[in-house]
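The following pair of complexes shares a single chain, chain A, combined with chain B in the former and chain C in the latter.
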Partner chain A sequence: MKNFVKLVRFEFNRFAPIYATLAVLTALIQLIGVFVTTNGYLRSVSEQKQSGIVNDSEIIANIGKMGMTDFVNSLWFLGPIMFCGAVLMLYSVFIWYRDWLGKNTFIYRLLMLPTQRLNILFSKVTTIFLMVIGLIALQLVLLYIENSLFQMLLPTAYFNYSNLNQMIQSSYYLMMFYPTSGLVFISRYSKGLLGLLVVSTVVLFERSYKIKGLIIGVAYATFVQLIFSAVYFMQFYNVMLYLFASEIFLISLVLTVVASTLSIWISHRLLNKKVTV
Partner chain B sequence: MKKYWKLITLIVFSVISISTFYLVTVSAENSYPQYSIETRSGDEAVIKDLVLAASTFDENSDYGDMFQIKTEGTIGNKDVPFTQQLDMTHQHDFSVQKLYREHRGFFREKTWNMFQYHEDEDFITYANNFYTVVDDYEEIHDKLEIAVLDKKTEEETNFEVEVPDYKNYDSFYVEDVQKSGNILHVFTTNYIEGETELYQPITELHVYKIDLDSQKIVEDLILAPSSDDDMDYTSYIVNIGSTNSEMTPEPYIIISSNPTVQPETTESGVEINPEDITMMAYNVETSEVSELAVPNEFKGWSESMYPLVTNVQDEYIYYTTLKENGFEMNRFNIEENTMEQAQLIELPSEVMENFLNNPEGYATPLVSIKGNQICYVSTLKDKARHDVGIVVADLESGQVLYDGTIKNSEKMNDVFKDVTLTIDSFMF
Partner chain C sequence: MIEVRQLEKKYKRKKVLNGISFTANKGEITCLIGTNGSGKTTILKAIMNLTPLEKGEIFIDGKALDRETYETIAFIPDAITMMPSMTIQGAMEFMAEFYISWNQERATELLNFFKLSSRDKISQLSKGNTMKVNMVLGLALDVDYLLMDEPFSGIDIFSREQIASVFTSNLVENRGVLITTHEISDIEHLIDKAVLIENGKVVTEFNAEEMREESGKSVVDVMREVYQP
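For the complex of A and B:
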């Protein structure tokens, strides 16, 4: 356990500067977006007044109010989130290859450590997962800050106040990141964790068997994807829903555990017996 | 420990932030509006079984939600077990919730339209158009799928029957299901081949009588034809939407056959002369069809007849007319084929305001009859001072037993106080 924690710290510290930059950039771009959006809206209000409409309620009837429920679907808000997601997805692969392709073949040192080799897999997957959760938590705080900023910058009559639930419900992407139930949150992010495990397994296949391994790895990833999709496809093509949503949820939980166990087992065998430096 | 400060900070920040969100922010009070029922007069025990299915909409945030309101308060997503949250049955008809709770296996792979079900003491029966593939809508769907559940043994029987003369029709839909003895009566609206694309489609109302023993259609009755020498018709079953529970047996199915006049555009309306409307009653036990001598001012279909609401209950058709001083009740006796004397359920004008002064689309109150009690619920509460009113009266004496309104509860979060509340249906 101690070795696992040390490895996580090591992996995290390697990427910490870039991670901190991502967090700061997200906050900055979204906060700038609040200012830009507010200015644009207030300009529209001025234009309405210049055209002779002085009544607040008439102006609101023409251009609507402004608040977070509009902002969360804008590029200022979603752009940084998508960028962070893309960077972390790329890093989930690069976290392995940097150890092989660097100036000094660092993976050699990692594989020679007096610890179970599976800790290498767990530490890399855990690091990425913690970074994702960290950004998710940061976004919650930013939602509060941005809402307060809108409230400060906009006149009361034009500010559309919404609570955190309403902000989330007005964006498809936020509803994906923050499901309304804690249990669904755990289930959804467990699938994310499974995704990281599968990506790591694909990388280890490639590192063990090169091109042939890459093909096997991609086939394995496709197989896992198909198993999960099968339950949903069955519902889609059979108009009368045989399985209730709660039953699909349970089945997908079980499949997540089974697929995760399978990925860990395959990665364990590859790390111990097949991976070459 | 010092070496781990970055990692520890990240973990602690994430745990606190996300768990606060799920423990506090996603609580019931913060997720949807909280309402309570306030009594103005009468005994609250009268409405102890009242359940209102409600929905809200906030035009500023595009926020909307569905939940139930009872005397105990608001029952929403956070107040039901996790599996029901996922299946969302609490947002559907009360009959859906009953089937889901008591006969889940039978409910599997079936629609959630309760008019396609019939329940008596021993059986639950279901009828549907038979189709399996969502993108194969052009395939001919000329079969009825029937399912029968024996409530004592939990045995389910399934079979299909082919609808006769299907070539004359474009499509058909199951509107209601009734049962007498071993005969299933499946009421369908059949769209005439080639006439579906008109502004007002030409339809025929059928009842297919199916023998549950032989599993065959024994009779195909056209209750309301699509046309005669003079004109085309569109027909409706008046019972739909006017009963307390869609699954309970009804001795009479009331049909309104309206002449169809094609409007010039989709926006232009059409005036129909009530004298040309034919009202009929189908006796489920005997399969007899009789024309009803309903006065012209009560003819038609309830949704278009504001301020008139129609309810079919046993052998009566009840007509509720909204007046400034109360509800005028007219009762048509189907067996005697006569309209009985009107009765006024008197209410003060401030109560009737909730039922009369609503914008278009919310005007028709909901009315339901249980035994000798009648319950009226107005359907809109918004920031323009419309309130949801609840009135329960005795049908025989006309005495008002209960009068109340829906108010924002003390637990109501400020962000919801101006949302528009609509009552979609209720049970009492």
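For the complex of A and C:
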């Protein structure tokens, strides 16, 4: 356990500069976005006024109010989130290969540590997962700040106040990250964790059997994906009409646990018996 | 004692190890000698469980390798095992964090001996100095056995002399050393035991001192007989 914590800290520190850059970039782009969006909106308001409409309610009827519920669907808001998501997705693969490829043979050291090799897997997966959670928490703080900024920059009549729940509900992507139900939260984030475990298993297959391993790994990932897709479609087309939503949730959760256990077991075997440097 | 029994290993269809067996004793320097591609590095990697085998067993002091064994045996490969972005100090801190057997006093002694600065970044070191850092990271562990893969490969004569002098110092005293090298002349006089490998098999193994006394042959003489008959 102690070694696992040490490895997580080590892995986190390795990516910390890029991670901090991502966090700062997200905040910066979104905050600039608030200013640019507000300016654009105020320009529209003055254009309306120049065209002879002086009544606020008439202007609002024409161009609407401005606030976070509009902003959360803009590229200024979603762009940095998608960029961070893409970087972390790429890093979930690169976190392995950076120890193996080129002149870097740090994997020798990691595999020779006097600790269970499974800790290497757990530390890498945990690091990515914590980074995702960290960015999602940061986004929550940014939502509050951006809302306050809109309130500061816009005349009260034109500001569309929204609480946190309304902000989240007005974006499909935010609803994905911040589910309102605890069960959905567990289901969604456990699947995310499973995704990271499966990606690591694919990498370890490739590192153990090269091209053949990559094919096996991709086939394994497709198999896991198909199982979850089957549950989703059964749910979607009401094939499981005789099951309650909670029962379908339970099936999905059990499948997640089974698939995660399988991935960990395969990774354990590969790390201890098959992987080669 | 490191005991290697009937190791078999294939790379694609080529059999690299074909029933290799030998032992390396504690307190002795055992040298694995063979031509390029004869499987010397593979044997060291297999001992450290860094590459899978088709067949065979490896025992360290009678026990199969497990995670605790990494506190009693250290591998010094021919490439640096730390991130190039680290400083030597950072690399030593990493070792101290994970290995109970890490001996900082010895590490400092070795740094002074090799005239290395702990503030230097690994990526900016010359090949010779990188190898010396690798030696520091291996030798500063209080382990019973040291595996060294081509420690003299591609480095200048002065660095080679410095590294070779480690073998006569107290740094390897009472430890078992298993070394692979092409540059046999650098350490010929230090070798206790030689294991000659060809085509994935042990051709001959002998005690260097006894060979010298009984047959008047040096390790190089025996190598000539085996590899250039």
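Keep this in mind: the second predicted complex is superposed on the first by the 265 of 277 C-alpha atoms of A that agree within 3 Å, B and C clash if a C-alpha of one lies under 4 Å from a C-alpha of the other, contacts with A are read in each partner's own complex, and residues count from 1 in each chain.
Note that a contact is a pair of C-beta atoms (placed from the backbone, for glycine too) under 8 Å apart; a residue touches a chain by one contact, two chains touch by 3 or more.
Note that this is a predicted model, so its numbers are computed, not measured.
Enquirer: Should the superposition on chain A be reported as showing a clash between chain B and chain C, or a fit?
Expert: After superposition on chain A, chain B vs chain C: fit, no clash.
Enquirer: Check whether chain B or chain C contacts more residues of chain A in the superposed model.
Expert: B
Enquirer: Which partner does A:134 reach: the first (chain B), the second (chain C), both, or neither?
Expert: first
Enquirer: How wide is the angle at the Cα centre of chain A, looking out to the Cα centres of chain B and chain C, in steps of 10 degrees?
Expert: For this superposition the angle at chain A equals 150 degrees.
Enquirer: Would you check which partner chain A:69 touches, where first means chain B only, second means chain C only, and both and neither mean what they say?
Expert: In the superposition, A:69 touches chain B alone.
Enquirer: Just the number, please: smallest Cα separation between chain B and chain C in the overlaid arrangement, in Å.
Expert: Least C-alpha distance: 11 Å.
Enquirer: Quick one: in the complex, what on chain A touches chain B?
Expert: Per the stated touch rule, the residues are 5, 8-9, 12-13, 16, 64-65, 67, 69, 130-131, 133-134, 136-138, 140-141, 160-166, 169-170, 178, 180-185, 236-246, 249.
Enquirer: Would you pull the chain A residues touching chain C in the complex into a rising list?
Expert: Touching chain C from chain A are residues 3, 6, 10, 14, 103-106, 108-109, 111-117, 208, 272-277.
Enquirer: Residue numbers of chain C touching chain A in their complex, please.
Expert: 45, 48-52, 67-71, 74-75, 77, 79-84, 94, 97-100
Enquirer: Across the complex, what residues on chain B touch chain A?
Expert: Contact set of chain B toward chain A: 3-4, 6-7, 10-11, 13-14, 16-18, 21-22, 25-26, 30-31, 58, 60-63, 77, 82-88, 104, 108-111, 131-134, 413, 415.
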